[in-house]
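The structure under discussion is supplied below as structure tokens; questions concerning it will follow.
Order of writing sets the chain letters: A, B, C, D and E. Residues in each chain are counted from 1.
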Amino acid sequence: MFLARVEGNLTATRKHPSLTGWRLIICQPISKDGEAEGVPQVAIDPHGAAMHQRVIISSDGMAARKAVGDEHSPVRWMIIGILDEKGHA
Amino acid sequence: MFLARVEGNLTATRKHPSLTGWRLIICQPISKDGEAEGVPQVAIDPHGAAMHQRVIISSDGMAARKAVGDEHSPVRWMIIGILDEKGHA
Amino acid sequence: MFLARVEGNLTATRKHPSLTGWRLIICQPISKDGEAEGVPQVAIDPHGAAMHQRVIISSDGMAARKAVGDEHSPVRWMIIGILDEKGHA
Amino acid sequence: MFLARVEGNLTATRKHPSLTGWRLIICQPISKDGEAEGVPQVAIDPHGAAMHQRVIISSDGMAARKAVGDEHSPVRWMIIGILDEKGHA
Amino acid sequence: MFLARVEGNLTATRKHPSLTGWRLIICQPISKDGEAEGVPQVAIDPHGAAMHQRVIISSDGMAARKAVGDEHSPVRWMIIGILDEKGHA
């Protein structure tokens, strides 16, 4: 599970059918100080994260397949939480 | 799941029999700005991606084994979507 | 399994329900000399590690799902041990 | 699955019994231009790759365990194809 | 599976019960020339490797759980072989 920042989303008309209707989010792993670390991941998002929000992503394929409702889906990465930001109560 | 760019394909006469008939694509993980990030992966391609196209790849072995139709195949990485490119409608 | 140092924790009101009540710890992988190495991981903590303590973390999803008591949880990383520190007997 | 180059093999008298009789190959992941990228992997080789040959390696443990014929083997990485080299028809 | 060098061991009184009685070894992945590459891993050791010995480590959780005799253990990395060193016949 990585701390990551939402950096955009991807549009793909040709894709595995299990991904239809899901936003594909570019998630840049970051340090706790917000610096980019390592390779960006593409994740599905059941929580509705906004651009630049900090999120937690997980590579657990079993949970992601359950989320899309297709046990043969190739999906693996999923946003599993959106961080509370200071000063935005 | 990584955002990646197609950088070529590989020919291997000697290989695991489950890979027969599948193109083996070199996929370079990239940032959203197109810069190379990390180690290239080799993936199978059920979608027909072209050279230099941007794709999404997944390491989900279960889905890849299903794609090749061999539950004992060592295949893991698969192209699962091809990005829509701007200006190419 | 990585040797890591606790560098903070995260608060997320919107998250997968299986994570409710669990602290989400930022764990920075380190060398045996304490230098940061690679990308920080986010892990759950059943052992009660304190800030800056050195811990061992594991990516075993099956054990983590058992810890949270939800077999469909997307949780993967967990603190599995807290190092004994010299001079703190 | 990585594109890699064979860089040597390892001899280990003390090892998991399932590895007996298998060559343990050092495989350096490379770019399509042959440059080293990332950490070398150790893989078993059912195809008989020679020193410096370019190969494809996979981390699929299920297929590797099937190859060695021991469902409790800790083996994970396996050479799954040997690239055809240009000019060697 | 990585080629690695034993760089020390860890003592943790508070830990997952399945790890009781196992040495936790710091294993630094290395190139075939012995240079450090990537992030150190923590592994259990059923073979009795000594300080600075070169070993092969695997991330296969299933085999590691079998080694510790607890199918819910979070253990993943294990030393699976100790290299024969030249000049030590």
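By definition in this document, a contact is a pair of C-beta atoms (placed from the backbone, for glycine too) under 8 Å apart; a residue touches a chain by one contact, two chains touch by 3 or more.
Keep in mind that this is a model prediction, so the values were computed, not measured.
Among the remaining chains, those touching subunit C and also subunit D are E. The minimal number of chain-to-chain contact steps leading from subunit A to subunit D is 2.
In this entry, subunit B maps onto subunit D through a rotation of 70 degrees when their C-alpha atoms are superposed, rounded to the nearest 5. With centres taken as mean Cα positions, subunit C sits 20 Å from subunit A.
Within subunit E, residues 38 each touch two or more of the remaining chains. Beginning with subunit B and heading toward subunit D, the contact ring passes through the chains as B, D, E, C, A.
Taken in their complex, subunit B has these residues touching subunit D: 7-8, 10-16, 19, 24, 26, 28, 38-43, 61, 72-77. Those residues of subunit B that touch subunit A in the shared complex are 1-3, 29, 31-32, 37-38, 47, 56, 58-60, 62-64, 66, 78, 80-84.
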